[in-house]
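What follows is a pair of complexes built around chain A, which joins chain B in one and chain C in the other.
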Partner chain A sequence: MAVEHPAATSPGDQTRIHNIGYRAYDGPRLGRSYATRSLYSQSLRGAYGLGRSVKSKVLPMLLFVVMCVPAAIMVAVAVATKAKDLPVDYTRYAVIMQAVISLYVASQAPQSVSRDLRFKTVPLYFSRPIETADYVRAKFAALASALFILTAAPLVVLYAGALLAKLDFADQTKGFAQGLVSVALLSLLFAGLGLVIASVTPRRGFGIAAVIAVLTITYGAVSTLQAIADAQDAGDSIAWMGLFSPITLIDGLQSAFLGATSAFPGGVGPTNGEGVVYVLVTLGLIAACYGLLMRRYRKVGL
Partner chain B sequence: MTTGVAQVTTVDDVTVIATESLSKRFPRVTALDRLSVDVGPGVTGLVGANGAGKSTLIKILLGLSPATEGRAEVLGLDVATKGGDIRERVGYMPEHDCLPPDVSATEFVVHMARMSGLPPTAARERTADTLRHVGLYEERYRPIGGYSTGMKQRVKLAQALVHDPQLVFLDEPTNGLDPVGRDEMLGLIRRIYTDFGISVLVTSHLLGELERTCDHVVVVDGGKLLRSSSTTDFTQTTTTIAIEVTDTDAHPDGTRAVRDALHARGVELLEGGAGLPGAGHVLLLTAQGEETYDLVRDVVADLGIGLVRMEQRRHHISEVFTDGDAQQDTQRKEAVGHGG
Partner chain C sequence: MYDPTVARLTYRALLGRRRALILGALPVLLIVIAVIVRALVGADDQTTADLLGGLALATMVPIIGVIAGTGAIGPEIDDGSVVYLLSKPIKRPTIIFTKLIVAIGVTMVFSAVPTLIAGLILNGNGQQIAVAYTVAALVASIAYAALFLLLGTVSRHAVVFGLVYALVWEALFGSLVAGARTLSVQQWSLAVAHKVAGGDLVTSDVGLTTATVLLVVVTVLATWYAGQKLRSLTLAGEE
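Right, the complex of A and B next:
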């Protein structure tokens, strides 16, 4: 209803806003790669609840502690009993703790991407200098880094403990390095799978359930079939079955090339020839996840 | 690290947006049909019914969706090849909700400032400034989930302004606001240009609310340009003044007395006003300029009665577009908009 009289705009707050005066920004604009890095660091911090509410810090921090405590106990035992070797191989640790890792992916992948979809924040990103590929790369890299921190931290604890217990340095360093390569691959694979599944649904709950389902059901099915095959002495097929679940994929890969003892029934991992297939499948899956994410976000747009 | 694109000067007569027979066809619908329009600095309204192609046009102008044919430039940059540079110096406020509820306005806008390329310190300073300019104070530290619609709209506006763009696209910024909130938002939009020096392209399906705010209005319908002209062009002839007066002992029917007095001075009063608040006591007349206001003031003063109100009624922008069914539609929609 008000008639526009520029000289006498409504009093009170409005006038106070005017009087502050607008200052233009003529500082640097750091562009696309800086924006991508900012998104990466924000997502990585977010994966541990940093910069978010106290409530959202609880689960990731708890899982991080749960992940590290067994390593600390093993180290304590090794030091106290003056053991000749650590109770668990570096490469084996992630396989043993796979439930914790799965839970972490299931909880953090949806928070990373489903939120942006659900609250339709994605258009705000794409109305800025970054492109679809930058968004996907930043999110993928952030979750993979978060997973790497989660899985590598206990290895660092084990390695530090091993050095404290004055175990063989060369031996331990080699095992540690192999373990790091293994968890790096695991982080990329799990992050990719988690993000692809989570990016399909804007509902966080569905995302969590779907990620857990994919990771645990495939593992359950594969290990059951492997056990049956083992019982029926069909040992040859055990190795091939391992290709069909993420964690057995990593397990097979590292027992073929990273000096790990396999967790497969019968303790027989894939041969080197089979191992090549494991490597190809793992890398192929990671690439496929990246490709699917790119396709997904090309559609989301504005 | 700054991108090496020449700073576009904001001298008058520089074209901020230019499109040339811009078309966008989807498999089953033509969203834009050979749209050619030039937009200069200032506040420009983009009016059209829902589905008229407004949002499609914004997407193309942001370089996010390729045009089927034709070309477009924003701030002198081609949308087909310079999308990234355009998006660095342009702000965008979407029509829909786009705010996560679990972070505070400050955190959110800081993040968005960094996504626009502002260094961390500058992002924080600009966020504090911008939130204050849009009228958010202490509440900016609380999670957005608890905000009212009006406050959320302000946060959405702040994220579009935080990197000090040269141009902002505001998609239906008054959607869902009550009349007071709507007026405040329109005032804010006006200030974005007058105080901040940022050109504005604002869309709405309500013609009426844009005329008060915009320097220029572009009307699209079915993806076609219906009209593009300065608001003064088509509101001058239709500016209507509504006046309401009191009754006194000398003039038991003040309204009639003013009507007669004005009539005696040769001022024609308009029919209508029925259905408006205070109908029967409201006189409508066409303003010929400043003199008309003075005349009314003098007439009322001479009669010794009180002037309750005298205000502009410029809700008639739609009357300018009275040919064709499409415009009828728009008008009807506007009537609904005002009624609701």
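Right, the complex of A and C next:
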């Protein structure tokens, strides 16, 4: 940009102010809640690659399809064979498909927050009339909603199929409702954990690996220890071990209160007393994730 | 074929700042679990084989391999700073080879060493189990590092694809479809471990000859192709 400086002529009467027609904005100001809602809807769309390039649509859509296809197959089998019951409980479905859910969180949580950090767009967000809490809430809600869509869609498929197959309406509705509560908790928990880990690093690839490591390694460790405890007839400790990984936490919670059969070795879920601990730990973790995110974004800079 | 400066830069990129902490957390967890299990169960060969096979070799080695393999080149390509490296008068295959050596080294240190320690804690290397799984981890480190380094040069989503391979293909399909097990680094390295341990505790679905040939072919081919990819690398903008 070469700016031509006129030769220093005599200052004084040549100075002018031109009116080049700048006008103040006097339209409606949509305010803080509108900005928050926009951030929420953009993040939610972004979690499925909508409004982004074709390449970034591939993975979330693929995982969504992988999530739903087994449900569709189960329904087809149930309708064709006129089965009395669905082959899989509503509450069990997410536990079986946990690898897909983990991959989805791992790929989309960094997508949601790491890129904002890396391209330093966070300060731009905060130059709008939104506060730290709005940003955190919008991102948290968006990822949790995206996860809920991912986990609830196959349940809807199962439920619709169960009604088409003329299975018992009351029974199926109860199971469906329990399944929805379970996946809602799962979505909140996984979204919280994923965002907290991803918000620490501006590197997308590293965030993905860190999230998946936390989700799978803890599950691997817990299920290995549980299997060993089961083989050693130390049945009491199995339930307590389940507290240490996100997916066994949800599994234990739903087998204590939401009528699910536990996937723990030996099939022994936690009792009601232990179930209360599971609920407290789950809610505590969700709240802790929210608190950590608030802390993370208290300082706007990097 | 080996460039010390590139190696130093790659080490710094992999282990700099907090990254070493996360890479170190996984081995520490394995050793802690080994101590707990030893305290609960005592020395038991079957438990040792289950823990080392299920947790160390099936989960930890691939994840560390993904982090080290893709981390050796992925971030550089991602933020475009790789052009400064490529503009130096160093052969592209040399860059890849150096990064591969570093990635293999990091994967081995963070996966094979803790596997050995955990095995020694669990049953004091009874029936050669600890050594067998350590050898498997060492062999797997080489193949995983080469494979995931190639992924890092091919795709911007290398980490995801690497994890899909490690978790979905090897763990999920491997347990459902027997044929998938023939094409899995984990089983190839188990075949080598089987040769070391000898007994029935470490088993593999693949013969030793097939496994060795496949391991060598995959490692060499992946490294060669990564070098070719780097020769014709185009930097795309952020999508």
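Here is the rule we go by: the second predicted complex is superposed on the first by the 274 of 302 C-alpha atoms of A that agree within 3 Å, B and C clash if a C-alpha of one lies under 4 Å from a C-alpha of the other, contacts with A are read in each partner's own complex, and residues count from 1 in each chain.
In the analysis below, a contact is a pair of C-beta atoms (placed from the backbone, for glycine too) under 8 Å apart; a residue touches a chain by one contact, two chains touch by 3 or more.
Because the structure is a prediction, the values reported are computed rather than measured.
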**Report entry** In the superposition, chain B vs chain C on chain A residues touched
**Finding:** B
Query - Touched partner set for A:27, first chain B, second chain C, both or neither - result: first
Requested in this report: Answer with first, second, both or neither: which of chain B and chain C does A:99 touch in the superposed model?
Outcome: second
Query raised in the report: What is the contact status of A:123 with respect to chain B (first) and chain C (second): first, second, both, or neither?
Result: first
Query - Partner chain in contact with A:227 - chain B first, chain C second, else both or neither - result: second
Query raised in the report: Given the touch rule stated above, what does A:35 touch, chain B (first), chain C (second), both, or neither?
Result: first
Report summary line: Both chain B and chain C touch chain A at residues 52-53, 56, 119
Query raised in the report: Tell me, which parts of chain A touch chain B in their complex?
Result: 1-4, 6, 9, 13-14, 17-18, 20-25, 27-32, 34-35, 38-39, 42, 51-53, 56, 115-116, 119-121, 123-131, 301-302
Requested in this report: Using the touch definition up top, name the residues of chain B that touch chain A in the complex.
Outcome: 1-3, 55, 59, 62, 64-65, 84, 87-88, 90-92, 94, 96-103, 107, 111-112, 114-119, 122, 126, 129, 132-133, 135, 143, 159, 163-164, 183-184, 187, 191, 194-197, 212, 311-312
Query raised in the report: For chain C, which residues are in contact with chain A within the complex?
Result: 18-19, 22, 26, 29, 33, 36-37, 40-41, 47, 50-51, 54-55, 58-60, 63, 66-67, 70-71, 74-75, 78, 156-160, 163-164, 167-168, 171-172, 238-239
Query raised in the report: Tell me, which parts of chain A touch chain C in their complex?
Result: 52-53, 55-56, 59, 99, 102-103, 106-107, 119, 200, 203-206, 208-210, 212-213, 216-217, 220-221, 224-225, 227-229, 231-232, 234
